[in-house]
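Read through the structures below before going on.
Next come two complexes, and both contain chain A; in the first it sits with chain B, in the second with chain C.
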Partner chain A sequence: MKRLIVILAALTAILMIPVAVSAQGYDKQPADAVIVPLGVAGTDYAALEPGVRGGTVYVGTISNPKKWNAVTAHETSTTQYTNIMQPGLVNLNPITAGYDPELAKSWEVSDENKVITFKLRQGLKWSDGTPFTADDVVFSFMDLYLNEDVETDTRDVLQLPDGNFPVVEKVDDYTVKVVCSVAFRPILNSMTANILPKHKLEQFVHKLHPEVAADAFNQVWGLDTNPKDLVGMGAFMVESYTPDLNVVMKRNPYYYHYDPKGTQLPYLDKYVVLTVASQDVLLLKYQNGEIDCFAPRPQDIPILKPEEKQKNLTVLVNKEMPGFGTTWVVLNWDTQDTKYRELFRNLKFRQALAHLFDKDTMIRNLFNGLAVPQWSPVSYLSPYYAGREKYAGPVTEKNAVVFPYDLEKAAALLDEIGLKDTNGDGYRDFADGTPVEIELNTNAGNTTREGACLIIADDAKKVNLKVTTAFIDFNVLVNRLMGQEDYKAIYLGLTGGTEPHSGANVYMSTGGLHAWHYSAATGDITEVEKRVDELTNLAAAEFDLDKVFEYYKEYQIILSQDLGFLYTINQAFVYSYYNRIGNAQVASPNATPSGNNGLTMDFIFRKS
Partner chain B sequence: MAKGFWNRSRKKKGAREVAQPGYVSRSQSQMIWRAFRRHRLGNIGMVIIAIFALLAIFADFFAPYPYAQQFRQYPFAPPSSLHFRSEEGTTVRPFIYATQRTVDPETYAPKFTENRSVKYYIRFFVRGADYKVLGLFKSNIHLLGAQATDGTQAPLFLFGSDTFGRDVFSRTIHGSRVSLAVGPLVVLIAFPIAIFLGGVSGYYGGGVDMILQRIGEVFMAIPGFPILLAAGAALAGLGLSPVAVFLGIIIALALISWAGTARVIRGQILAIREMDFVNAARAAGASDVRVILRHIIPNVTSFLVVSATLTIPGMMLTEAGLSFLGYGIREPMTSWGQLLNGASNIAGIETHPWQLIPGGFIVISVLAFNFMGDALRDAVDPFSIT
Partner chain C sequence: MGVSRLRALGAFACMLALFAFTAFAYTAAQLEAVATGELIPEINAAAGIALAKSYAGTKTEDYLKDLAANGLTIGLRTAASGALSIIWTGKVSAKTMTEADLTAIINDAKVAEMVRVAAIDPIQVLLITKAAAALKTMATDTAATHESRLAAAKAYYVKSRTNVNIVSIPVLEKAAVTSESAELAYAAGETLGGWYLSFAPKTQAEYETLAISGSSEGLRVAGKVALTPLLLSTSVTDLETKLLGVLNIKSAEYRQAYQDALAYQFGL
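Coming up: the complex of A and B.
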């Protein structure tokens, strides 16, 4: 037996040799390399500094990745790695949250906004040393994202308003053309889709190699893949993965970002993500210095803040900067009971309910003061946010449509629509005497959502409206929200981004997640819904961003007044890092090292 | 003194105590009661349980506030500090000051400062929220309250408050209803099952016994807590009301706990059914049902009583564990375990440790039940009486 192990070890050593000699990096800086202007005055990166090479940064997460395949991934626990390994043609700027050229050097729009031509960077290589060309881009779009055999969420966002999909064509080795049947501005948003290596993956695509099974690609790059077979162009590549322990990523020697001094990025040798059981363990590990960057919860701030000096760390709290996404209460306009259906469709009832939301209490008691009231379907950080002066202008008005906490007003509105206590049980009844009882659901285990529901129910009681709470399994809740099961009211949230069009599936009357009123898709459409559909289509076809802003401003105001979703509050952005990490102060909800996109990973560094 | 018939030795002992000629005759239950009373820890346990039971039954009266009342301006208020001396240094009846919550703009740590202008004296039988005594007649009298001389009230947080500013003391008292009810309710469901199946199995033996015992073994082999967690999660998935979830948990607890008891009952019945008096009853033509109900079951009653008393604390702990993990009692209902959930994270323990207080009530009541169970076991054991 001993001998066998020795032989195996010898064999492994021999097999390792070719791996060790490959992947040496570029001979010299490629001409089309991305220069990140760290510390260069007048740029977005002026506040940062060029760093030093070497070292490891540790961050933590509470969920394991499910696969290494960016195309078939659904969850952020996977995309937080694939986004680092495989950048797209364009990428979000970590500081401005605008779009920056990434694998594409530049692009231009022509033919009545229907054609976008991308010039690709030349001389770049995949992490295994293979040159990157237009073939990889065409392969990624035409053979993966737009291939019916492949299971991917990205296909939905690539679909054009007329139901067609864009066609991605190769012009030459370093030029691709995206041809759309109609002008569609948000298509640029979809060009952040990860680009994958054709030379590694085409063998698994049934369309190109009919000998493999139709769904073969869906199983490719699972967790059982040898990390050496993973190839990308991003800052780091996965080196090893131990479930429930960590994911170790090592720097990609062929990464094409350089600092102004000509040092190749990333600065770090390794980026390690520890997997732990809970947010509490993360906090302990952070306090103990085992992880370098951490996204605390509001209740962790009073614990971390006093330690700032002693432990030499920074806690960033920006009450003015809520995260992306929305939280709301939705009433089911299509619920089975016609009395409730009529009630929920009554704008005055929805207004009464909106006046019952004690957002100050929710913020103070549930978020330790670290949240902001929300009123708009578009994220506060989006350049299209209606409170801004103009496109990407300063925020001048935080709350254009407000329903202040006002029990008297709520009671008056309820009286006005004829909900009165007729049977003397202390709660309001319908005009015909049947008691009104609304069950408010949210997912069990989310303590802040549960808390918000209890506060709403308590306030409803004060105006004699019976609202009960039931906290249920997340999957059941989603079934209800998707209209597969009946419900009356749900408290939940949605993720968001800078591009309002990403909410089209929610706010358009035909949307798959038009949660309050699915029957709108079959003709039962209101005036507001008609106008929202119109504005969405106008904004999607318009390339003049100032005009787009005007469309979206009206869109936000009429949606908030109509109260399809009754918005509540949004947690403020909080983030913490040890001062031994340089350039970690770039902190926006989509850019933190422990966030989902890893946008700052290439230029953070460990101070010596 | 383990010799022969236990009632004979009792008589001797009784005779010595009364120091009078002649015998005092006592029924079996009287003798058990006498023996139980001599067990000091058991008595203490019984008194504690009685007090807790009273608190639970009249929770609305003993608790200063309804369990769901939110004092929203006071999230995570620490326990009210009782003052016994006025500024002049004279001893007065205990009073509290109203507090004001401020948040440190730097650390976001909340701070409660006392407003020393008005004293709110702790008074008994103050008027507060309406409730119904035993669901029958209306009242608004609460045992305790903090009231100033002009009649205004300040929130009294004897055990501090939770995230909604709800009084933990009031919630602890209301939570005793669930925590104390779980054990007896589980016993009420599980024991009839155990008695029936154990009785049938022991009395008839043979194939019936074989099948019933194997079924019991399957139930005993089920790992209890994971199954309960799954049941709790499944109940949550059904979107039931908190009361229905509570009943569901009790049924789940009963279903996994009957088998052990059934097995012991079977063993006892196996022994008893061969006794002469059982054979005599059978020979006299008594039916099976009569033999089981009149001759056999009375002989296992004492075992059942003791076993029930010792099962209750186990069930209380299981419920507390489930609720602590968030799979048991649902908001806005509360139980001691569910209250402890507020102290289930580091931030909770570090910044508002008073949320651990309900845990003390679990410890005390479990100990009380165990002491009482021990005492009962000693009292009903014929061979232990001296």
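Coming up: the complex of A and C.
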């Protein structure tokens, strides 16, 4: 029986109230504008308030962006800008983390969950004034994300359980149909993908213009692009970029979000991201009031807390709420050195390393107790987290895969695989007598990660394993992690969310960020990887959430036992902002005013 | 004793007139009047702290340097010094002021004290990129000025905060008493106060006792840092009355806690 589900998505969050006002870019408010119900009782936004237009909010980061191309980006140093510039058909609600209509105003699911028809908002324009239509949506999916010439991780999260990809068709100028060969539960998650302007970018797509090189699109919208050529639908567009100094974003006059009073959003004229050398500098700049919002680490709290009221700022600490995302150490199973390749592929070596992680010391020394040990690839806050009893159930950690800190066990495992000190220098060697030396990298300036690396290296020394540390630029680190440069071990983190399928680009054997073992995509696949692929597809095809939970439980357990990523620590939610920034209290693990998903930037404001 | 009491009473009477507007927001002119005419140094200085932002937006750098050096009251010198600090922080951010520029100010004994003080916060943003060991060396350099050592000491404790944890609070307590330099002990005390507030809270009475009779400047600073946030809800009148009542308490740190709370209440 054909089932038709009409989803009035996030009706509580987004009210469609046409209000005629004069807008900077639009002659009048588009009929399909999004009204963010700030302060409206009974909505998710009831606790917030309508703001005032004008001003600039300053935030900070320790990395330059790599590019402005949302499609080919892998790293938050880039997506923290592209997510603001280019929204998707649907977007995450910054308060509930549910799915809200964004460029789409509604959708219908039919044909046993295999077809989803999106009605697009009408009358919207790109930041250069060009009308937004279904052509842009079809272009983004069919000519970019699903184009083999284009390097993108998004293709991994669009892949259907049967290995095919959705087909995105234009029905009319304001309707698109997404047709799947099989039912695909995480389809809305996949539809959060950024939509890009066809009129600006089609000229770089070989498939549409054979005269350009096949990889032409991958080079588009690099950092050398004139900001005037960047076009988006989001709240802000890049106005200027100065390496190692700042990215200045200015309000998009054609943004289509309004407040209940009819004021076009964003409230701010500008959103400036300062680039500084380290988190230490960020802290001092925040103390000086040079930046308005800041994600402190636990060790920053004793410095900020005494100033909280004097400087009229708020320090949010929620010990019970670890953030989304994961932090881990990854070993390069594909490193060019065959001895290390063999070593890193040895599960016993990875187990030995896991037993060297003194997570209690990390939590105490680096996080002041404001963190929990992490063991799973799925975020603690997700209803699918295997530490829960059942889907969305209480966290009991009954299923946790734990490698306790145990130097004796680590040493025994290293002995077992034949790593012994053969030359008497105090460090273990390979069986052929060559020394074992592993360089552990993380991004320079992230003092918490640097501290964790030093703790690991120190404990490794206790079992005569030589681990050195080198802290390098974030974007260089990303290149290594992407396989563009060789490396041995990296300490880094990934963003996360409630839907585990968003990690398909990492955990599936063919994923574009399957960082420990890219060669799996070429057939060098392990039994665990095969099973993870199967479970990912089973979970994607299943709509009974209890069954999905069971699939993801096994997925988490076997991934954690296999130690492709060796998980470390999950920090509790800590955030701070000056009270001069209106609506900043919305900050949560879902979204913060300085966060990388861009979900709050349109309704934060500077109080007069 | 008799003279002190008379001065205090005189000041109190004066304050009543000056602070007839306590229920209202303070204007820059009103604060300037307090910073110029108030006799109690801590109240005078509190007005100066509150004035700094206004001065940063309205006065020239040269004027402020002169006022910081030659202002007739501690309040005016504090206002000018704070304003210079704000201006220089902005210049560092815009990369129009370098570490060398600030070092030339902070480490020149011939430069007026309150001008050197203005450089302490802005230079930290630049110093923080140095290794902790280098900062510690700077903080103990007897050839440098007190302000230069203090800036390095503060940066050192920001830099090395990742090495501090709840278990090591006693280490900080010891460092606030005995360090390689007085500036390092002072900065250790500041850090310690934050730790008390954040992860090992004590009562207000305990902070008061620490600020008054801590066995070292560093410990008294820790008491002050932890005490000040607890005073911020106190009314201007009560803070002023308190400051009048504690003039005979030797601990400058204790009086500064009330001074800083008053500055907060004065805040523009």
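Convention: the second predicted complex is superposed on the first by the 355 of 608 C-alpha atoms of A that agree within 3 Å, B and C clash if a C-alpha of one lies under 4 Å from a C-alpha of the other, contacts with A are read in each partner's own complex, and residues count from 1 in each chain.
Going forward, contacts are C-beta pairs under 8 Å (C-beta built on N, C-alpha and C of every residue); 3 or more make two chains touch, one makes a residue touch a chain.
Nothing here was measured: the structure is a model prediction, and the numbers come from that model.
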**OP:** Considering only the touch criterion stated at the top, classify A:245 as touching first (chain B), second (chain C), both, or neither.
**Re:** second
Original post:
Touch check for A:280: first (chain B), second (chain C), both, or neither?
Top reply: both
Original post:
Is A:310 contacted by the first partner chain B, the second partner chain C, both or neither?
Top reply: second
**OP:** May I ask you to decide whether A:332 touches chain B, chain C, both, or neither, giving the answer as first, second, both or neither?
**Re:** neither
Original post:
Between chain B (first) and chain C (second), which does A:299 come into contact with in this model arrangement: first, second, both, or neither?
Top reply: both
Subject >> Dominant contact partner of chain A by residue count, chain C or chain B >> reply: B
**OP:** Considering only the touch criterion stated at the top, classify A:382 as touching first (chain B), second (chain C), both, or neither.
**Re:** neither
Original post:
Touch check for A:451: first (chain B), second (chain C), both, or neither?
Top reply: both
**OP:** For A:364, decide between first (touching chain B), second (touching chain C), both and neither.
**Re:** both
Original post:
Of all the chain A residues, which ones make contact with chain B and with chain C?
Top reply: 280, 283-284, 299-303, 305-306, 364-366, 368-369, 450-451
Subject >> List of chain A residues in touch with chain B within their complex >> reply: 279-280, 283-284, 297-303, 305-306, 317, 358, 361, 364-366, 368-370, 439, 441, 444-445, 450-451, 454-455, 457-458, 468-473, 475-476
Original post:
Residues of chain A touching chain C in their complex?
Top reply: 245, 274, 277-278, 280-281, 283-285, 288, 290, 299-310, 364-366, 368-369, 447-448, 450-451
Original post:
What part of chain B is in contact with chain A in the complex they form?
Top reply: 68, 70, 72, 75, 103-104, 106-110, 163-165, 233, 236-242, 326, 330-332, 345-348, 350-351
Subject >> Interface residues, chain C side, partner chain A - complex >> reply: 89-90, 93, 95, 121-122, 124-125, 128-129, 158-159, 161-167, 191, 193-195, 197-199, 225-226, 228-229, 232, 260, 264
